[in-house]
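Per-chain numbering from 1; labels A, B and C assigned in written order.
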Amino acid sequence: MEGNVVLTARGISMTFPGVKALSNVDFTLRKGEIHALMGENGAGKSTLIKCLTGINDFESGEIHVDGISGPVKNHSTKDAQEVGISTVYQEVNLCPNLSVAENLFIGREPMTKLHTIDRRSYNKRSQKIMDELGIAVDVTQNLENYSLAIQQMVAIARAVDMECKVLILDEPTSSLDDEEVEKLFTLMRALRDKGVGIIFVTHFLEQVYAVCDRITVLRDGQLVGEYPIAELPRVKLVAAMMGKNLDDLAEIQKESIENVEQKELEISAKGLSHTGTIKPFDIDIHKGEVVGIAGLLGSGRSELARAIYGADKANTGTLKVDGKEVKINQPIDAMNLGMGMLPDDRKAEGIIADLSVRENIILALQAKRGMFKQLSRAKQEEIADRYIDLVRIKTPNPETMVKQLSGGNQQKVILARWLATNPDFLILDEPTRGIDIGTKSEIQKLIVELASQGKSILFISSEISEMLRTCNRMAIMRDGEKVGELDHDLTQENVMKAIAGGEKEA
Amino acid sequence: MNNKSVLTRIKNWNLLLPVVSLLLVMAVNIIHDAAIGANPLSFFMITLRQTTGNGTILYGRIIDILNRGSEVAILAIGMTLVVSSSAGTDISVGSVMSLCASFCCMLLAGYGVSSTTTLAVPLIVGILGGIFIGVLCGMFNGTLVAYFHIQPMVATLILFSAARAIGLLLCNDLIVYVRNEAFGFFGGYIGVIPTAFVIAALCIIVTSLFLKKTAMGMYIQSVGINPKASRIAGLNSKRMIFMTYTVCGLFAGIAGIVAASRITSADSNNIGLYFEMDAILSVALGGNSLGGGKFSLAGSIIGAYTIQAITTTLYALGVSSTQAPVFKAIIVILIVAIQAPPLRAFFKRRSAAKQVKGAAV
Amino acid sequence: MKTKSKMNGHTILLLITIGLFIVLYAGGCIAYSSRGFSHLQTFLNILITNSGLICVTCGLTVVMLTAGIDISVGALIAMDCMILAVGMRSGHNAIVMILIVLVIGIAFGMFQGFLVGYLEIQPFIVTMAGMFFCRGMTAVICTEQVSITEKTSKLFYDWANAKINIPFGGYLNNKGKYMVPYIRPSVVIALLLLLFTYLMLKYTKLGRAFYAIGGNAVSAAMMGLNVKKVKMVAYMLSSIFCSIGAICYALNTMAGSVSQATGLEMDAISSAVIGGTLLTGGVGNVIGSFFGVLINGTISSIVKTNGKLASSWPNILTAALLFVFIVIQSVFAMMRNRKK
């Protein structure tokens, strides 16, 4: 092992039932560097981290940690901590009801001769640790009295004090504001200068370029490459993450879409926002138009859609549907205005796992009709059969529990649920994720077809190529904000450049 | 091959647990009867018997179970819905039963009267009054659970303690006797059949019709399985949870009136005592997960009558009514322990290990 | 600034509780001073009557800190009292019987704790079954009321009637005799247990682990605590404390019966909640719970002194207080969530 390397992983592979989550991935972390681990959803970032921290048992490959002879295989986070690998997650894994000092020392409290906790000693030591790291807190206060950023830093301080050599920060900045992020960066740089190797996972490109020294990019469970930060400008990073080499970006043949002559507006949002997730945005969507939302994961693309649909009630702004100003408090209000939304998290917000395919398909339609106007069983079966045929859901029969279907078919069930309500405006958030190619093109065709029937569609996808094929216009999202729109020159290169944003001078 | 599919079908049958339990109880009865030298099938015998009042009624152990188990069966309907929608239990039902009985008897007898043969208000006013109080209690519980996000058992703990005490207050700390034939009807007989059983059957039929003819059943299950997804699909999860608690209160009211009518009095201290336990046990015994979601009303009903069968059997075996809870407690723990995820995972691992071993050999 | 942040919702709740106790007690003193409510002995009597409840509430507070609940306590007391009474009636030594009761408490608590901690069954279901088991077992042991008399156990009888005099706060009764205020040994046991629990929660690893698990069990596990074991220990402590409470209870009632201590779990839970223990776990301490018990005791005492109020009023008032405190807790929690 080289002198300045603190962690190496060689040839790590890991399979989940049916999916190769990681195949033969290498990763090297040096002392005193901040190393960004980048990749879109399903790229294998979190799987790799879980292999390092002992949550996942990888199948093949070796991990070496500086100062420990032989390969390391962790079986729990505790094992990982013992070899010097600590992790701080987005949700702070501390106890809010205990004091800052207790959170630093729980499980390893200094004891007095009477076998009681030596509060005075650990309060003093905690204050010293926090002072050294430049975090201004009163360590005897309960953790919940402090902001998330401070809590985040306490978690880091705990990891550091446990003599970690490798600090993994898994999306620590997702719920912090700019000022708090800056504080966190100061701390990260201080730790780097002390020789800690930091792995930094984030969605925010700005932050990568603000603080990192090196970037490793993963895609579809494979290593794309490791680059010093100076050698990988934003556009190239985005290209690496999305799987297109900029040099050979061939113009994708756009399927012919009738140009939507400016028809009347279906949706018109002005200054809509949801505190903490998306800054105020304006968006217009015409009848028969497909509008794509391009941006990286976590850029606010889902949040924009959720604010329109009322899944997260908008705090500010006005929304006009069909020219009339409306107030949407909850999803059912939006549905009654002719909207529908296929959410990106299929398991958490899409399927009702224990109900049958039939029930899942008719659920939204039934909800619109109201509890007392039940669709007759015959009618339900007719609708279920029709949509099982239409979107080609592979299911033994309509009474099969939806949880027994494959992911792609579950997705189609939810799509069928919304098609059954015959919406005027449909939000599709990552409808093609984790779905085979054949199904993907079916869904894309369906989108174009719906638009030609005069329906409006808001289409969110990580794959720019499929949006290029279907969308008339694209809104560009970056770091929780809508930063622009593209309505002509829709090419992969232009979109990627827009997503990456201008290079900021360091 | 065919054999196997029959076996798996039985294994996946959702009424397996309650039906097997019921069969077990019957088996115990047959063995016991045979052992003491009685007719082994006396458990199933139904005869006509002359009552002191010159009426004829059906008589037999099964009839007794159907009669006595009715209150729990009625409660089990509401409890099933509550468990399904909120993954919690309503522990106030026994107390609420008592309150409804007390309020009903207080209305019928007049405040402060401890014994009466004539009714102070028309019977229907008393009955509806009692049921109305039950609905109010249900709405109170539902508000706390759905809108204040309080854990169900904690929210219902308030009425668990207070309802019985309020009932006592309404009755001036007395047992109010309403020795009126019309009032005694609900705990008596319609012709040869016990009225309580008829009322329970009516409640079950009405609820099943409601579940069948409206989308309520699907809404409740959907909210219980995945409240977030249900909301996105346009359901109002809070309102559904509120509604199930209200319905549970309604049935507690009905059960309370039946219980009071049976003894033609409002014995606040004893009506519905420990019934919440039986109702929850019915739901669990019916094969329903106490973690919410999918439910089978039929399972709960069979569960309720199975519990009564267990109680009746225990009495037949010479166990007193105060001792019976020991056995029920053991049954509850067995049922929930079998369903416990860590234990299931343990057995799965073991059978997987066995298979590997078998394959190796 | 600093003092402001220290005044968080929990402290406010505790202050409300203490304030409520003072108001209630002062109200009682003013309204019923002619009936001797203002004498020190009235307060001591509240302690004597509720010594068992204090022990039980200490244990329950521990369980509630881990976000659990234990409703088997009332029934366990009945079973313990019955074992004590029957054992002494058949001639066993009081000390032996007390040891047996304590061992039963440990075993019972361990079993409940195993089911909750290791099998992950809802605490409510487990302890409800426990409650029915104990209540039924009491009846299995004996269905009648069994008294402990001077004849059955002289030692126990002497303990029960021992008076520990307090050197101040006496008064002249209406016959002009000076009445010395006193407490019973059960009060000493209860207060010692209270002190023990307070110190244990504040100054031992185990005590802090209870708080950590109630605050966030996932985090606690990630920080290296053995969540399953700590949960089991919480239920064990609850049952042991409850058994100690049962001894105090027996010293007061000198009897065992099936219907003893019915609804005591409710009094204990409401005392803890009124004392500021959150049902969601992680927040609370036994000092608050102690004041909760005192509030409950004062309400009963006032109702008894009044003499005209129906016996169910204490129950209703306690439930009403519980309602108010639960709703306040819930509103605080919702406000905090909204802020985030």
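Heads up, the rule we're going with is that a residue touches a chain if its C-beta (ideal position, glycine included) is under 8 Å from a C-beta of that chain, and two chains touch if they have at least 3 such contacts.
All of these numbers come straight from a predicted model, not from anything done at the bench.
J.: Which chain maximises the distance between its CA centroid and that of subunit B?
T.: A
J.: Between B-C and A-C, which chain pair is linked by more C-beta pairs in contact?
T.: B-C
J.: Quick one: report the Å distance separating subunit A from subunit B, using the average Cα coordinate of each chain.
T.: For subunit A versus subunit B, the centre distance works out to 46 Å.
J.: Rounded to the nearest whole Å, what is the centre-to-centre distance of subunit B and subunit C, using the mean of the C-alpha atoms as each centre?
T.: Their C-alpha centroids are separated by 31 Å.
J.: Report the inter-centroid distance (CA atoms only) between subunit A and subunit C in whole Å.
T.: One centre to the other, that is 48 Å.
J.: Contact residues on subunit A for subunit C in the complex?
T.: Listed in rising order, the residues of subunit A that touch subunit C are 77-78, 81, 92-98, 102, 106-109, 111, 115-117, 119, 138, 141-142, 144-145, 148, 158.
J.: Please output the residues of subunit B touching subunit C within their complex, sorted ascending.
T.: Subunit B residues touching subunit C: 89, 91, 144, 148-151, 153-155, 157-162, 164-166, 168-169, 172-173, 274, 277, 280, 290, 320, 322-330, 332-333, 336-337, 340-343.
J.: Spell out the residues on subunit A that touch subunit B in their complex, using ranges where they run on.
T.: So the residues of subunit A touching subunit B come out as 311, 330-332, 335, 341, 343, 348-355, 359, 363-364, 366-369, 371-375, 417.
J.: Which of the residues in subunit C end up touching subunit B in this complex?
T.: 69, 115, 118-122, 124-126, 128-133, 135-140, 143, 258, 263, 266, 269-270, 279-280, 310-313, 315-316, 318-320, 322-323, 326-327, 330-331, 333-334
J.: Which residues of subunit C touch subunit A in the complex?
T.: Touching subunit A from subunit C are residues 2, 5-6, 8, 199, 203-205, 208-209, 211-212, 214-216, 218-220, 222-225, 282-283, 336, 340.
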